[in-house]
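Two complexes are shown next, each including chain A; its partner changes from chain B in the first to chain C in the second.
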Partner chain A sequence: MKKLYFSRKQLCIPYSVFLVLFVFIPMLLILVYAFTQEAADGSLYFSFDNFLNFFTNSSKLQTLGVSVTVSFITTFFCLIIAYPVAYILARSGWKHTYVLLMLFIMPMWLNFVLRITALRELLNIIGFLGKYDYVNTVIGMVYDFLPFMILPLYNSLQKLDQSLLEAANDLGAGDVHTFLHVTLPLSMPGILSGITMVFMPSMTNYVVSETLGNSNITILGKMIEEYFSTYDDMHMGSMIAIILLVIIFLTMLLSGGFKENADETSSRGANLW
Partner chain B sequence: MNKLKRFFTLLCAAAMGFTCLLSFAACADQSDKQVLRVYNWEDYIDPDIITAFEEEYDCTVEYSTFGTNENMYNELKINQGGYDLVCPSDYMIMKMIAEDMCEPFSQEFRTNGVYSQYVSPYIRNLFEENGWTDYAVGYMWGTMGFMYNPENVDAEDVKDWKVLENEKYHKKSTLKNSVRDTYFYALACVYQDELQALASQLEDASITKAEYTAELKEIMNRTDQDSVDKAREYLREIKKSVYGFEVDSGKNDMVTGKIDLNFCWSGDAAYGIWEADDENGFTLAYSVPELVSNVWFDGWVIPKGGNRSLAEKFLNFISLPENAMLNMDYIGYTSVIAGEEIYSDYVEGGYAVEEEGEELQALLDAGEAMEYDVSYFFKEEGDSTEYTFYAYTEDMQGMLLAQYPTEEIVQRCVIMQYFDEAGNNRINMMWEDVKGAAVPLGAVIFIGVIVLALLGVFLISNYGYEWFKPRPKKGYYKVEK
Partner chain C sequence: MVNKRQAIKNGVSGVYLAIILLLIYAPILLLLFASFSSARIIGEGGTFSFEWYIRLFQSERVMGILLNTVLLAVIAATLSTVLGTMGAIGIFYSNKRTSALLQGANQIPVVNAEIVTALALAILFAAVTLQRTYFSLVVGHLVLCTPFVLISVIPKLKQMDNNLYEAALDLGASPTQALFRVVIPQIASGIVSGFMLSITLSLDDYIITSFTKPATFDTLSTYVYNAVKNESKSDLPLIRALSAIVFLIMIIVVVVLIVRSSRKEEQSR
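And now, the complex of A and B:
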């Protein structure tokens, strides 16, 4: 009996099937739903109504504003907290820094809903719950997404060439100067990667806003859910999803996420997207 | 080419093998046992009952669950003929019957079935009045009201729907995060004066009971723009003073004492009261506000093309009083099944005062026990049994009231109808406006500060050198160009 072997082309088949089934078809369906409406007899017709409706309806725009606000503040705090942590971890001379890193990453291994429920009780003890819905939501989001910020930052800072810092020092730059002109620019890929990793999911992670904000805050993710399950309007729901997609696409474009990795050193392996 | 051929041959062989396996599995299922595909709410049946049914009738129950009526409806539309028995709520049953999606029950089931034998006369009449008898049977039912903590909330206050406005309970109460229920609540508040007038008309007998009921139903099912606008205004205002919106965290928040007042379904109230008493050792109570409330129920329908005979067997099986009691114990809601056995075992057995003779008299005198009448629910025509017993007042404001409300309460309850599409759209828009809110000023200022700070860091890192001319480190000197 002859030996069975596969060519590269054949090995690609499962992946192409996967891509078609789980990426192209769903995206296509969402696009179709977003730009159609249902006629009285159940047939679909092309329409821009959903799109126009989103940008002329004040509650939808307000919800968009709330989502962006929450995401922005969350991302900011993640960065503020994560950068020093990543910096210290990456630069410390200790042999077992990975233990510390693991400690920061470990909460990710616990079930997310469980953590948020526990956090809810904690906030109740502090007395925040029911009083500061926005603060609670941001606390929950930061807690949830902090590891996503630490990891890329740690990666890019760790791979930073020590000799560049020494060179800057030799050439007379002070610590602040070195940080602002050498470390910070070189860790930029990590920062951008972290920002995209935090900003995007916090636009839609409505479990946090529902649990910690007692459903007093509506973000876009929740709105999509309402359109699909309560309002029974998949067309508008799909349109909001598409709009969200475009926003995410734009943030990635702005943060240079699509740049080809031609310049290997500039990404430093931190660009996870 | 050869390689490709071999690969496809292999693929075909694999596919054929797989199909064969599948069809074998399917054959094995079909030849042996009938299958009943049940589609029910999450956590809404005692799984032991399903197992018992499977054993008794030698069949397989494929049980799946849904979270909202709308999800269920969509699934039925997509997967037509995929289910034999589903359990939607009242308004969804109306919609499904109106759209001719349901299979009528057999004459035999309607006249001689176990369900028709044991169902409460109150529920039977309700179904007959509304013309659902042919297509739907009841499952669980209840009212809507407030679960409250009597230590912090005055029992007099919760007789009024507008209690949430009370400054005393600021940020201590919740509303439902579900558009229909909260809209109902808003209507009860907005039209309070009208409802009050109606109630006094009934009292001085200037209108008949039937007129009263019809009028009540009309008011609480309004969906005109004016009513929706009023509801929007009211809810936006009340949103500032409630703790939040919830659909299932409310009962736990009551039990853990986070809130004192919870607008809820009676079944959740029964669960919360029991839980608080059993685990935390404190008392919670239930109240159905005066003037009006909502009576709701969930019921079984057979979608077109479903396996009717097996579905009817299943319904008869779960309608047996002992199974109905198992279900009630498991999920905490009240079954529509009545009958002697449930009354004596469950209602009287569970709630009747244990003291007798003089001790009972002492309780009655002290107002700690009172007569409780549930005849409207249990008494069939020509039945001579008295369905009246002495109950503790505490239960009458708690578990008992949540499980079996008095006739007086039920008479001022209305069923929420299915709204037409225009009405639904108006209410949904209203809900979106209520749930959405402008970005608070504090957050805007905060973002402004962050942006300014980032800009500052950027400018200083780029031009700071020129501006501040930092001194080089010791031993270095700056070269001027």
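And now, the complex of A and C:
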């Protein structure tokens, strides 16, 4: 009997090897590269230079500022646009809300570069392109990431117990009062996971900022790409990646349930099928 | 009175959803219309024509890129489904500590920023071979897709009736037979959704692809991104026609899905 269980357990060996080779080791390399420099003879030596360089260089700090600002604004607009959508879809009691929800997330299946290109043509026609680089970038990010906000909000609002709302009503709470004191707090997990799912890609998805911001907006993701492909400096690139990870970690920590969010995030795609 | 208020509420809600949907679909509809115009730049006159569609199908380069993209998605999805399903079954039958460790490791690429994963892989390949090949590209897509296969399959394993496996063994099936005839059929829906998810993730990817692909290789995403960045006047109209086709295929798939799921609903009634 023992041997039997052993044979089924063995099935995870290929994936374990894969994880070590292509997830663990590469992430370790990032950490090593971030805190080293290359000597003239090609050997690596420990150094804090990249770290100090990042925080003393005004253009890098500006990129950090731009990135965080764009992400905040994007997340904010996603939230205020998505909440009513999710609320109506989850609570209106209409028939066929499933079809409506599909309509809202369907654009996600169109290749995102094609989607952003389409938006670019529209912004070009209404005369925004080349004029309002920040506005265009934020519009693009909201456009791209809106489904990431709608889905978790919809899920948490749908789970909401109708009897709680009725109880609040029976006890004399008005609609606004019920919303602020019952619905909103109970949908907090959805709000938080929506925030983390929008905030991170808006700091890194440089396809949007490059395509719509006329190459004038540099976000952290773009800076990493530049150090990788243009300057061929993987040490600085790795340092920026580490800084990015720290920011993401802090946002997740700030938005509360680190663990809860991980669960929700993991289901972000799975919800679609 | 209450009904009237409800009617107003419904009306406002409906209008709001309609406006947001209109905004979401406006760019795509614009492309759809523009793809039938002979003008190279939207709004610059032009007459109704299928010119761009004809040129699109005549363009060996674009057709080659499409084939590359689809082939890569199928290869990546197939490999990651096999790897991920095996991993999920292995994890499910492992002891608690191994299972927790592997599931935690599986979450790393999911929670991680895609560009960090991409850079990490690029550094690895640079350190080992100094060049990027089709192999590194496939590995990149596997890192992207496989975690989601596990995430789709593991819940199905948990729902599975474990006694059936034991029963199969008692009735004389070998462990391999029991695995393929009892376990796999019970988790098939998870495997299928993992595969479909992998296909969409791979088709949609830009960042990992651009960090791990060989210089001369293009997928749909990298081709379109470069064409747009260079404002290529010959490529943009083709991309419009291409977007329109992809969009129509997508609508057909969604309609099929909706019809299928509403049929299932009726059957279950």
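Basically, the second predicted complex is superposed on the first by the 248 of 273 C-alpha atoms of A that agree within 3 Å, B and C clash if a C-alpha of one lies under 4 Å from a C-alpha of the other, contacts with A are read in each partner's own complex, and residues count from 1 in each chain.
The rule we apply is simple: a residue touches a chain if its C-beta (ideal position, glycine included) is under 8 Å from a C-beta of that chain, and two chains touch if they have at least 3 such contacts.
Quick caveat, the model's predicted, so the values are computed rather than measured.
Trainee: Identify the partner contact of A:Q10: answer first if only chain B is touched, second if only chain C is, both if each is, neither if none is.
Mentor: Both partners.
Trainee: So in the superposed three-chain picture, is A:M239 touching just chain B, just chain C, both, or none of them (first/second/both/neither)?
Mentor: neither
Trainee: Which holds for A:N214: it touches chain B only (first), chain C only (second), both, or neither?
Mentor: The first partner, chain B, only.
Trainee: With both complexes superposed on chain A, which partner does A:N124 reach: first (chain B), second (chain C), both or neither?
Mentor: both
Trainee: Applying the touch criterion given at the start, work out whether A:L192 contacts chain B, chain C, both or neither, answering first, second, both or neither.
Mentor: It touches nothing on chain B or chain C.
Trainee: Contact-wise, after the overlay, does A:T63 reach chain B, chain C, both or neither (first, second, both, neither)?
Mentor: In the superposed model, A:T63 contacts chain B only, not chain C.
Trainee: Is A:L103 touching anything from chain B or chain C once the two structures are fitted on A? First, second, both or neither.
Mentor: After superposition on chain A, A:L103 lies in contact with chain C alone.
Trainee: Tell me which partner touches more residues of chain A in the superposed arrangement, chain B or chain C.
Mentor: After superposing on chain A, more of chain A is contacted by C.
Trainee: Just chain B (first), just chain C (second), both, or neither: which does A:C78 touch?
Mentor: In the superposed model, A:C78 contacts neither chain B nor chain C.
Trainee: Of the partners chain B and chain C, which touch A:E225 in the superposed model: first, second, both, neither?
Mentor: second
Trainee: After overlaying the two complexes on chain A, where does the chain B footprint on chain A coincide with the chain C footprint?
Mentor: Comparing the two interfaces on chain A, one with chain B and one with chain C, the shared residues are 4-5, 7, 10, 124, 210-211, 215.
Trainee: Under the stated contact criterion, what part of chain B meets chain A in this complex?
Mentor: It is residues 3-4, 6-7, 10, 67-68, 70-71, 73-74, 171, 174, 177-179, 239, 243-246, 249, 256, 258-259, 428, 431-433, 435-440, 442-444, 446-447, 450, 457, 460-461, 464-465, 470, 472-473, 476 of chain B that touch chain A.
Trainee: Touching chain A in the complex: which residues of chain C?
Mentor: 10, 13, 16-17, 20-21, 24-28, 30-31, 34, 42-43, 83-84, 86-87, 89-91, 93-94, 98, 102, 105-117, 119-124, 126-127, 139, 142-143, 146-148, 150-152, 169, 175, 179, 193, 196-197, 200-201, 203-204, 206-207, 210-211, 220-221, 224-225, 228-229, 236, 239-240, 242-243, 246-247, 250-251, 253-254, 257-258, 261
Trainee: Mind listing the chain A positions that touch chain C in their complex?
Mentor: 4-5, 7-16, 18-19, 22-27, 29-30, 33, 81, 84-85, 88-89, 92, 94, 98-100, 102-104, 106-107, 109-115, 117-122, 124-125, 143, 146, 200-201, 203-207, 210-211, 215, 221, 224-225, 228, 234, 237-238, 241, 244-245, 248, 262, 265-267, 269-270, 272-273
Trainee: Report the residues of chain A in contact with chain B in the complex, numbered from low to high.
Mentor: Counting only chain A, the residues touching chain B are 2, 4-7, 10, 57-60, 62-63, 65-66, 69, 72-73, 76, 124, 129-131, 133-134, 172-174, 177, 180-181, 184, 210-211, 213-218, 223, 226, 229-233.
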